[in-house]
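The two complexes that follow have chain A in common; it is paired with chain B in the first and with chain C in the second.
Moving on, here comes the complex of A and B:
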């Protein structure tokens, strides 16, 4: 019983995700951040906790109510996540999360 | 050839190699760093995803417009005024498909491929705003 709990705790401690910011968000928050997460961490809570380290970066991504600004684009492992789903989408061990402003190539 | 790269390409060679059997028209789009009172342009990409998106756009355009050949090369890094940013070479049996395919590809690239441009000026720089301000390109 105890051994089983220890195993779960270790697995939770071992969960890491990579967050990648691009363009203006990268300038404010860094290129690539590898961080540990606990089970059940949501997309929005992870990015908010990471962005809080730079107030300008946080304000670039979140509005005054703490919601994603509507132009922010989110990806998890190369697939788009709608910002409306960010509060109910969990991150998992090994995930690559990308956060960026509207694209402007070409 | 589908690529995100820093190096320039030889457009003449691309045209030669695009002329597959049955080709009646080749259309080249060459997006260039314009002199908008800037010193240079800096481009960055979410490279893996951008390349996958370019490959998807190429497949879709090939099928929809019966294209015989597609090259899309998007450059990243620092580029000077007059340098090539994006080269699209499309070959088709007829001009209608070639023009339409080329136009479709450039609009799809602008709508959904994760690439960003920063115009560098004497006073600093400014990020070029995207054309899909709500982040929901129609191509997705």
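Moving on, here comes the complex of A and C:
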């Protein structure tokens, strides 16, 4: 978003968000994806649409009902988002979203 | 008091933190949960740094498939208990420290006793259920938990100080499914040394600990970054306790 644009322009324009995957999710889906979304897009729909490009990646993040697997960690602009809230939380222009699993081995 | 031999052995690091720092290390007792991929570099580097007492716990026997990463154990150790192998190597690399080795599975019943009077716990485990047990013990004893974990070329680490930082369960409330994880030795080598570095900084009171931040390492990119982590006020492991403070 260019600074100084007025509100009407903003509503008509697509928003840009950045999704960053880590660890195993990164292997399957890539490091950093910058994508355009329309206003009102929810967290879960955005990540699902992005992950669908790789079925193994999608299955690593979502269960068979399309819900986030319970161990998945979601962050928006450095703050934790509860996966239970991901369906009702909308993304905003310029958001940076991080998606990662707990790394477990030793 | 440091012996003549110790003064000579630690000469180069005492240029950094003096005999006062070295005495702090000598008086310290660190509990290392696991003598595998992470536990190997952690224990070796804490041993050579002169951490006076190291307790190390593992329930496994050395297997050939361990040897690509578990550098405490040699080919000749295949079939021996990891604790026996670990104690032998750590005492050989530094005879001036005390090494306690416990051949037992850590669980909710024995963990507090095993940790005893240790000044800190190093998480060198390979599963979250046991990590959560260690997290509970760290909270109950109010001692730090130095977390590390690895998979493939990826690793993560954070230092948990009960009452001051999020606990492990605040950061990772749910365990991922168990798997036979792929790993190359350099990854636990890297993360284990980071954990050992955290332990030394904590004991010496030097530098900035990896507190309130999760260090994430991508070995394939040669890239590290940090994510800020926060306490969960309703955390089932530490929420209530921290609110009381």
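Operating definition for what follows: the second predicted complex is superposed on the first by the 89 of 106 C-alpha atoms of A that agree within 3 Å, B and C clash if a C-alpha of one lies under 4 Å from a C-alpha of the other, contacts with A are read in each partner's own complex, and residues count from 1 in each chain.
Everything that follows uses one rule, which is that a residue touches a chain if its C-beta (ideal position, glycine included) is under 8 Å from a C-beta of that chain, and two chains touch if they have at least 3 such contacts.
Predicted model only: the values in this text are computed from it and were never measured.
Under the clash rule set out above, the superposition-derived model of chain A with chain B and chain C contains a clash between the two partners. Look at A:66: by the touch rule set out above, it reaches neither chain B nor chain C.
With both structures placed on the common chain, the touch criterion links A:80 to chain B and to chain C.
Looking at the shared chain after the overlay, A:103 reaches both chain B and chain C. In the superposition on chain A, contact of A:40 is made with neither chain B nor chain C. Of 62-70, 80-88, 98-106 or 134-142, the segment of chain C whose C-alpha atoms clash with chain B in the superposed model is 62-70.
Residues 22-24, 26, 70-71, 73, 75, 78, 80, 98, 100-106 of chain A are contacted both by chain B in one complex and by chain C in the other. Within the complex formed with chain A, the chain B residues making contact are 31, 43-46, 48-50, 52, 74, 85-86, 106, 109-118, 127-135, 137, 140.
On the chain A side of its complex with chain B, the touching residues are 20, 22-24, 26, 70-73, 75, 78, 80, 83, 98, 100-106. Within the complex formed with chain A, the chain C residues making contact are 34, 36-39, 123-128, 148-152, 154-156, 171-172, 174-179, 181, 183, 188, 216, 218, 221, 227-230, 232. Here chain A touches chain C in the complex through residues 22-24, 26-27, 31, 70-71, 73, 75, 78-80, 98, 100-106, going by the rule given at the top.
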